[in-house]
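The chains carry the letters A, B, C, D and E, assigned in the order they are written, with residues numbered from 1 in each.
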Amino acid sequence: MSLLKIQDLKVYFNARGKTVKANNGIDLEIRENEILGLIGETGCGKSILGRAIVGLLSDNVEIRGKIVYKNEDILDLSEDRLRKIRGKDIGIILQNPSAALNPVLSVGNQISEIYRYHENMGKKEARIRTAKMLEMVGIDPKRMHEYPHQFSGGMKQRVMIAMGLALNPGLLIADEPTKGLDPTTKDKIVDLICELVINRNMSLLLITHDLGVAEKMCDRVAVMYAGEIIEIATIENILSNPQHPYTQDLLNSRPKKGLKPTAGESPSLSSPPAGCKFHPRCRCVIGECPKTHPQMIETENGTSVRCFLYEDN
Amino acid sequence: MKKLNDIRNILKEAGNNRMAAIGGAIVILLVLIAILASLLSPHDPFEQKLENRLLNPCFEYPFGTDNLGRCIFSRLIFGTRYSLAIGVVVVGITASVGTTLGIVSGYSRGIIDETLMRIVDIVLAFPGIILALVIAGILGPSFLNVVIAISLTHWPAYTRLVRGITLSLREKEFIEGARALRASNIYIMRRHILPNCINPIIVLATLDIAHAIIFATGLSFLGLGIQPPTPEWGSMLKAGIPYFRISPHLTFFPGTAIMVTVMAFNFLGDGLRDMIDPKINEIILVSE
Amino acid sequence: MTLLSVENLKKYYYSGVFNKKEIRAVDGVDIEIKSGRTLGLVGGSGCGKTTVARTILRLVEPTDGSIVFDGRDITKLRGREMKNLGREMQIIFQNPETSLNPRMKIYDAILEPLTIHKLCSADEENEKIHRLIEIVNLNKELLFRYPHELSGGQLQRVVIARILSLNPKFIVADEATSMLDPLVQAQILNLMKDLQEKLGISYLFISHDMDVVEWMSDEIAVMDKGKIVDWK
Amino acid sequence: TPQEDSATNELVVAISTDVNNWYLDKFPGGDARFVWSQVYETLVRLDTDLNIVPGLAESWETPDDGKTWIFHLRDGVYFHNGAPFDANAVVFSYSDESYVKKMGALRSLDHIETIDENTVKFVLNRPMPLPFYLTHVAWPIMSPDCVDDNGDFVAPIGTGPFKFEKQTPDQEIVLIRNEDYRGDEPVLESVTFKVIPEASTRVMALETKEVDMIIKLPEYEVSRLENEADVNVYRKLTTFTDFLQFNCNNGVFNDKEIRKAVAYSINTEQMLNTVLEGIGTPAKGRPLSPVMMYSKPELDLYEYDVEKAREILSEAGWQDSDNDGILDKNGQPLKAKFIVGKDVWASRHVPMAEAIQGVLQNVGMDVDIQVLESGAITKLENEGQFDMILRSGYFVWGPYPRHFFVHQSFCPYSHYNNTEYDKLANAADSTADPEKQQQLYYDLQDMVLEELPAFYLVHEEKIIVANTYVKGYRITAEDPWLNLDGVYLEGKQ
Amino acid sequence: MLKYILKRIFLVFFVVIGVTIVTFSTMHFAPGDPAEVIAVARYGDDLTQEQIDWVRVTEGFDSPVYIQYLKWIKHVSRLDLGRSLVTSHDILEEITIRLPATFKLAVSSLVISLCIAIPAGIISAVRKNTIIDHLCMSAALLGVSIPNFWLGLLLIWLFSLTLHLFPSYGYGGCEHLVLPAITLGTSMAAITTRLTRSSMLDVLNQEYIVTAKAKGLDEKTIILRHALKNAMLPVITFAGLQLGFLLGGAVIVETIFAWPGIGKLLVDSIYARDFAMVQGCVLFIAVLFAFTNLIVDITYAFLDPRIRYEKT
């Protein structure tokens, strides 16, 4: 069952006279109770996609397409309705917890205000709920009166998770929840999110560029390159049988596979190469590649890939 | 060629930023007026025609005449020189001294930094105009002393700003990289730190020119500014005050000139800030 | 042959005005690196890896211990000798975006070490720079851009190019690739390995990522709380 | 009748500076003298036309042509604290402690004797017209109770028509009616002096009727206010004359002819009519205001004559050889450093100085104006670092021409050395015979005009402006006085 | 936080010492013989060399500078600022008499400026690039550009003379306060508006505002709860500096409106070359300023948890 369906989403920024096509025709479906990974290199538009889903992009941006959540197109919603959906139906954990937590409000306050605002709870009740949430993410509830700067990076990340989960949303978007954490903390956070998401029957869109994390957590993975989804498959398929040359290179660049290098640099989003956006770096360019922009093609095992190599299949 | 492109880009940006464009245009105009003062002014700014005193604006005297029958228009035109000179000289002195101290302070840290910052604290403990007032009061009023008085109160703003930038730059790897290359400290300050402070300094300096002009006006009001018959706007305004009931043009034109100039520099400074680096906060305005 | 040998290296930081607090960032570290080999240094965040690197390069003064480089004790070097040391040991930092002066064009950035050490005349400079960027596989179109116009991988190459101009024997790479994407990381690490083979450079390779370190290094030292706790 | 209106009989007068001294050991600076003149009285007084009249002394005589003076004091006069006024108070007021004795004009006072309760004898070192000296508001009679046993000042206690009530620094001084005043009891219940430093604010406060009367109105406001229906402008020629003093000791003005050239180039009449809005009388070099005693009616004054000025200069060898508009001689340009004070007392001086600069520029003299406070002026003066100073009324009060001391060589302000002049001035001051004295002063005036230690510009006119509901005011010629005798308010809202 | 406060207090102490040195030396190294200057101030017109010498001896100008400083500082530390050279009045007393007037003016200007500036700044930031933003910013720019003595006179002319709404000068009830406070408050309000706006804009661009939006909070809550406190931190710091503006600007405003405050006392003393009084005033103002900033810093520490909970 699909919980969220994104159709041909385009997000264009207007930056200093140039159009940055941060998302350029995204089609994506998040099913109920699934963990969908979104991987791809820095700046390919993952976070933008995550924010677009919750309607959190600034005003100077042009958005087209459809984001249908439970039969409502988020892009058509009034600000009021959107506000109700945010937090309550769709939660988001932003990328950098140090910046995403308000430095002058206590951690407890920042969580409990969600209850107070959305559920009109009294102070006391909200505090009890907050304590529960904190306990759940492994933070001593006694510390709810402390301020973000008194917490370590991992703890801040936990607070962000508690905040995202506070109202039991149907969909949680987690933007690189493990970035910048040391391996032990990282493992703990991964386990925590998995456990909570599974226990609560929710869906998770996990944005990351850490394949290890994706492997541990995800059911399916979407691979993004230069503002497009280029491959969607189950995690097993991605790891064992990557189809798109980019995905293959990505896997081969891991130390385990001998750190095999790929030539070239990631393309700019304001003037991407014509045709397939990966073709300048691709090992197996064929005639079509530089000219025509490839479409998503279904291959075996429900894998979709945007590559001419699979056209005939 | 590349340079030309840079300049073209800046101009293009300036075109997009209406405020900066207006401010810049007025400033350029003022500079031209100051340079071409003797060509533009219809009369000798010092020439008195007592029989023509307190004339209202008319064809011969576009802005009228003052209490000694001097052409206000010509005096304003020549006054541009003094006001701009005060702004530019003060800012030239304060920016270079303040910046040097700021870089040295932030880069060397330790005892030098402590000492310099304490000196800054001490200077800042005196409200600017009061310190300037006392200095001008002691030294006596003259162009030079006005410049000294304002400069002595204004340099800490640069030192603080530049020190802050320097401290954050110090944390940057490229500075450490230069140290690993064993570049000398002076080389690092000059080639790496200074160029990275320039933009905010330019913004601060532009706003500061406006501030210095207003500041000098205040000193003129208190009789400690540039002295008559010098056609400095502040002292013209002050000298016109007694007549502001019967001949308001004596105050109106110098007052407006001051306002327009100060606004132009503020426009330009604001615009430059938006253009160059929106992150430099308004805080730098608080150079008082 | 041993290129660098560090013994009992200590670096203590002091903080606080009223009650002085001692932070033992590095607390008695012994390291040995052979010519043309790579030593990997791993450890949790804040265990003192960066401090070790910075003290070895004398970017910070060690509290105690000896650093013998190429047969000389460099802990007490000053002036000219210190300056010449800059040609022999160099460092690559973690964050490519801040590793280059944002107000300096790439060309000038690469030229900088040569000017500081007065290693080339004006007419050679162009040729030399082109040779350098060829080694690190950079496009010469990038030479007249500013750092913010380059990607992280390209920047890290520029950093390597400018370091190479000095022909160093020893390079510290402090998490040099941890900010990069996997594809680019692979590029850079391969480049570093190539250079080692061609030029016989020794590395002190610092990283969080055990897998990467294993791939890069001949030996691995594991640090914890300022001490070496394991040596593989 | 005025008395019925007593509810509003509270006069508010705006002055420019506060009274920061009430005691006789210091000179009351700024506008303090207007306030002093309500609280304190002098032995001898002047009427509104500068005629000498009895004050606290009923009569006086000098048995020896001016070396000894005997004053007969008025009986039945009481100080504000109820203590009787007597000879002791006079001795107290001119003790060695007092400013006038220590620093001022009475340095040649040897001692004072009390003959009886109501008679005092002043013994001088040399003959002097003492009664004139004793008219000065700044050295009045104070009660010995003004100070406590330790000699510390307690309160201003005088015999004047108004008593000190309270003072709020930099704001106001409130005086109330002295019910036991020796003369006609004042109609006014109280007089409040408001301190308003800025001239424009003072004028606007008068127009909004926040104050009833303002003193020292700037000249430029006069013509406008004279046309306003609900204010009265009172004007009278004073004892003060503005003068341009030269540094005759060194520099260009060492040469009398150059000083003359300056005198011929300045059109005092035009300056008066323009810069001073026609307020005052052009002096054309006349050192004494016509209201002054011994002011010589027929004098050989300087009539404006630029050509003559140019002639004198070129005869003296000044030529414009480089055509820059400035004359030069032996390669030295004709330059003069011109000092102007910025006292509230003479706000007109700055524009006057600028006007002078303009006309001198016209004959080829480069004048550099410096507007300074008195302290800075004193410094430059002592060092001889100036060529001209614009001044007003030094050693001037009352009708007596003591002013001539200013050009005596021993006077710190003189910058002029002429033994003949010194002798003449001394002789004039020490001569008791009025006719002889007059002749000596006439000679002095001729000499000043001929020698030009200073060029006298304008005789100052005093201006007082009051709202029309202020009745019964009569302006006095002498400047520091504020004559509130007979003033009352009628119909103030 | 204790450490922070202790450090601040230590700094203020240090600054105060520095301030005394600066004040002392400006007066003592002023051109001209101080004894002569004092003698002129004291005895005015006729002056003899003996009088100057007498002043030199009695005022201690013949001893070495550091002794003079130490002597002076000893008095100052006992709150004895000496006596005026002109009037012989006790300096501290003269200052404290005028303190209420300056205080009243400063506080009301501050209140006026903050009451206008903070809402205006917030609105301009929230409604960036709208008409209201442009209006506020233009007004603010006008406010900083107009010489305030001219503004003062225009206000008197308009409100007292033409409209008869407020008195034109003087010290007294609230009605007296209006015009001077507006004159003094205007430029400050202008600067504060700009500061508030840019600080608010800065805060609104922070990630935690996005977080707040992501929680589904409404605009009002986001601005008042999440943005305001952060945005106010630099404004509070500035409020301390504003006092400097106020004390400085007061010099001019007090002169125009005949407001009997410290600023006017200072200007008068400068004119009268009453260096002891100038010294006293400047020292007083600087110390007052330093202590206000200390209070502001401490308030800041309470408001900013990053400092409040700093480990000691």
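Methods note: a contact is a pair of C-beta atoms (placed from the backbone, for glycine too) under 8 Å apart; a residue touches a chain by one contact, two chains touch by 3 or more.
The shown structure was predicted, so the numbers you read here are calculated from the model rather than taken from an experiment.
Counted as hops between touching chains, the shortest connection from chain B to chain C is 1. At the far end from chain C, in terms of centres built from Cα atoms, lies D. Highest inter-chain contact count (C-beta pairs) belongs to B-E. Remark: chain C and chain E have CA centroids separated by 52 Å (rounded to whole angstrom).
Here the CA centre of chain C is 85 Å from the CA centre of chain D.
Inter-chain centre distance (chain A to chain D, centres taken as mean C-alpha positions): 89 Å.
With each centre defined as the average position of its C-alpha atoms, the distance from chain D to chain E rounds to 39 Å. With touch defined as above, residues shared between interfaces to two or more other chains in chain D number as follows: 200, 342, 376. Counting only residues that touch two or more partner chains, chain A has none. Each of residues 153, 157, 255, 270-271 in chain E touches at least two other chains. Residues of chain C touching chain A in their complex: 44-45, 151-154, 181-187, 189-190, 208-212, 214-215.
Residue ranges of chain D in contact with chain E, taken from their complex: 17, 20-21, 26-27, 29, 103-104, 168-171, 194-198, 200-202, 204-205, 207-208, 210, 342, 373-376, 378-379, 382, 394, 411-413.
Residues of chain A touching chain C in their complex: 41-42, 182-184, 209, 211, 249-250, 252-256, 258-263, 265-266. Remark: chain A residues 51, 54, 56, 82-88, 91-92, 94-96, 99-106, 110, 113-114, 117-118, 146-147, 149-150, 160, 163 touch chain E in the complex. The residues of chain D lying in touch with chain B in their complex are 199-200, 203, 218, 220-221, 224, 270-271, 274-275, 342, 347, 350-351, 353-355, 357-359, 361, 369-372, 376.
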